[in-house]
């Protein structure tokens, strides 16, 4: 295991982590402020990918497609809020889980009806399609660097939004004291709808960014949503900082596990045993981490101060 | 007080129909419907046991499919070794070994995971129960000996005296009687002192603690009972399908079990059974019409959550008796 | 409730009153989830076969009932049960996935039905679990990668990096290539598969590159295949780490890859028992009509499904009824039909004994990406498990 | 002397605000000891620390000479501390009788009994009915708790505290939210209980406190500034200045 491989894997881990953060941040925002558990958040990730894929072929340009797909995904988020989430706010978490479980089935099937069962491969502009050599041995696909940049930019934007804008002030206030915000004369329903749409856009963005790597496909949201939940649980539900740190942590642990676990196991057991057990353990790794964190800190690593 | 309440009558009629109709179908050459009823009865057992902690205990476990799966593997693994050798101490087809093993393994798993899960609350509890189920899922996937992701074919069913599980009618009979016993068991537990504490903790946790109840211990006990009953259902399911795979433990399966409980009506004796019936019958009907059946099915699930509070039992018993 | 059950009871009674003059074929495949692209292709091919047969097998009407396995073995088994018990089909075919086939096998065979796999080929079913009523129009899992191992030897590849999903067919594929490949395996990654399969291979590709291997062997069926090719392309490995794949680049992924213009796939090589360019009359008709109807080249899944229907029809036509099981079995075994593979024959374990070809991805005369045969790797190859079959 | 409850040097702060500040308090066996104080004086925080729902930052709580500072809430209940809640805290889904029966059940040790229906345990139910009779709710025994009025809920709270046969009853503002007539009923009820149990009464209603209490402690900003008989407290200048003077 040499240094440049280690660095590349660290970058890969960071890239995965930032992608997870985009999905998890919307989830934690919606949960923190609206106290709403949205299992169908992953479906918004999928819809973002499909919409962006279709638009890429329509416009012939990936970046334009992203720019148009973002508000469209936000609009879908708004509709989901209006017709599914809003009637469920007053209910318990169980109803949220079941209602959005039904929504997943609906949205997945709609995607199947609209785009067919085949996934869509998304082409990239030439300047994004190559590799960048950081040093002679450190070569990384340029698009993955773009994901890192976009993820960091979105994180910074969120940080600014939450901490330095009026909307952010309301969001923070709404998270800690809902009645107070309503008492201020703020239309809490519009605020909630905005937050939901923002969450949808963040998830959609993650879907758009992953589509050129894996392709847009039905059910892609269901695989990431569980990991995103692991992220926000480990980070502490409702905490943006927690989501960010936990996402990077999970991204790095997952990538490093896949990369080096078999080599590490080989130190302690036969090569054959190491090769069969390493993939199993690396698949379970993030759940083991989550169970450990919750066993020691039942509120996650960074529980938000309020509530 | 009359001999049977309205709810009692409904329960009696539903259970009687469930007992009589499937054999009638079978004898008139519709073996498939008997299979459907057997599967339905087994899943209803799992739903009834989930209801103990979800309905009566207010604990939203999102990982109950793992217990069903583990129970099935507790039947499949000894049968596998009996057929193909290895691990002689485990190799058996005796139901007297396999079924208690299923119950014991799932009870132990529930004890260990429950001890951790019950330290958390709310969404954390929902998610950590799911995380443990995922861990077991990936563990089974990685054990090549037992088929990994491909699952394990059980070519021989559990051997029991008097009952031949290869006979579909007898297998249905066992599943049906087990379901009745499970319903009565949960009914008995929830009406006992223990059950009062469990329901009290759902209603007002702080009050119960102040009264002097160590509700953690009560909940853990209920979690273990529920897990073990699910394990038993899993043992039956393994015998029914003669095939087990990690897919049985997928989180969406846990979601389906939760749905059966809510659809039928949580914290009622018959509710989970009604839910299982409705779930499977609707699934069967819709999927025979179109491959896009998930769309109306999902809409129906959402509709139930949004509009039919109290589930089918709530609709059947009318508004007046509704405590919520 | 009661009314509903009465209705279904009536429907059930009607369906059992089977037409004596027809032959029913149950076709289990994946019609939902992302893998539905494979199932749809198989469905199209099966329908084309029925059309080519004029809807008849000899004098009997041919009816194919499609059922969805939802990409899950338990669902597949339920679908098989329903076909066998309710629809009372005479043959069950289809089956993309090894685990679905293994789960469903007992349901079909115990009911005395003929089971014909149009794709899945797990080792058990070719060996220990072989059955006189089971036939395959595809291959055994190990064969295709074994052919690829042989190709690697011929091309002088000395060291190889291996990647596959972490499930039984994936492991079969790895075992297959390692059985024939004579060089060194410098690295091996089995990635997460199943409901939330891993589709981002950044870490593995970085490891593969760092290993300095002469080439990389992969098996990624379905959507994962397209994802892998793209990332392989984006990582710029085409010149340093040549790609050798099985079941990864096929008639289903090529149109998508072409639409997105992933040039890296052109020239890549894969082994298979069939190719659209195979020169025989049945294949030419099949490929031409399929293209005319659906606009794309058929995949190998389609070809095998077409053969499955043709095989069944030939046996039924020869016997003239569906009651005489022994005669039907003998007729199936004789396999007297015009396969898109040219000559078709079964081995002792009812698996095909057939050629394996090396194929290369090329653009055809119209510019459409497809494959063409480069050379024949194995002739009349018998799978490694035939000896274990006691039949 | 024979203090049932002895609190010494108790401190608890929330983010810099001292809710409990070097609090010392001693409750004698058999007395009705009232704690009064203005809003925000830290009365509820004190109760929470006594029941174990909150952990003090420092200090010591002794019950019958035994240090219970770090003991789990349910264990304290077993030792004989019962509590009524300021905000009615009943199990609304259950019947009135079941609420009381659960309290009786708690007193009898563990409830890991799975077989006999709780409703068939006639002894428990007879006792529960007797208790309901004492607080004047016998005729509502089978109603769902949610159907009762606020005043009736307060009476249920007392019945539950009585059910536990606790040596020490912590009553957290039993008059809260009651009308004049209901308050008078409550005072009568408490007068009937007084003497049979040691009671720590936290209350806002001055008339009730001075009518019932044997001794009174005055809590201001988390600190006890005076303890004495009702007459002593009435005459205490510091109390008048800090608290009563404001009225």
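Residue numbering begins at 1 within each chain, and the chains themselves are lettered A, B, C and D in the order written.
The rule we apply is simple: a residue touches a chain if its C-beta (ideal position, glycine included) is under 8 Å from a C-beta of that chain, and two chains touch if they have at least 3 such contacts.
Bear in mind the structure is a predicted one, so any value in this text is a computation, not a measurement.
Undergrad: If each hop has to land on a touching chain, what is the smallest number of hops from chain B to chain D?
TA: The fewest touching-chain steps linking chain B to chain D number 1.
Undergrad: Using CA atom averages as chain centres, what separation in Å is found between chain B and chain C?
TA: The mean C-alpha positions of chain B and chain C differ by 36 Å.
Undergrad: Suppose each chain is reduced to the average of its Cα coordinates; what separation in Å results between chain A and chain D?
TA: 49
Undergrad: Could you work out how far the Cα centre of chain A sits from that of chain B, in whole Å?
TA: Here the centre of chain B sits 32 Å away from the centre of chain A.
Undergrad: On chain A, where are the residues touching two or more other chains?
TA: Residues 112, 222, 226, 279-280, 283.
Undergrad: So which stretches of chain C touch two or more other chains?
TA: 31-32, 36, 166, 192, 195
Undergrad: Could you list which residues of chain B touch at least two other chains?
TA: Where chain B meets two or more other chains at a single residue, that happens at 138, 141-142, 144, 252, 292, 294.
Undergrad: If we use the touch criterion from the header, which chain pairs count as touching?
TA: Once each pair is checked, the touching ones are A-B, A-C, B-C, B-D.
Undergrad: In the complex, go through chain B and note every residue touching chain D.
TA: 188-189, 191-197, 199-200, 202-204, 206-215, 218, 221, 323-324
Undergrad: Note which residues of chain B are touching chain A in the complex, please.
TA: On the chain B side, the touching residues are 54, 60, 62, 116, 119-124, 126-128, 130-132, 134-135, 138-139, 141-144, 251-252, 255, 258-259, 262, 292, 294-295, 297-302, 304-306.
Undergrad: Considering only the defined contacts, which chain B positions touch chain C in the complex?
TA: 14, 17, 21, 24-25, 28-33, 35, 39, 138, 141-142, 144, 147-151, 153, 155, 241-243, 245-248, 250, 252, 277, 281, 285, 287, 291-292, 294
Undergrad: If we count contacts the way the header does, which residues on chain D are in touch with chain B in the complex?
TA: Residue positions touching the partner: 51, 53, 72-78, 82-83, 85, 89-94, 98, 101-103, 105-107, 111-119, 121, 144, 146, 160, 164.
Undergrad: For a test of understanding, state which residues of chain A touch chain B in their complex under the given definition.
TA: So the residues of chain A touching chain B come out as 31, 37, 84, 87-88, 91, 93-95, 97-99, 101-106, 108-110, 112-113, 222, 226, 229-230, 233, 237, 276-277, 279-281, 283-284, 287-288, 290-291, 294-295, 298-300.
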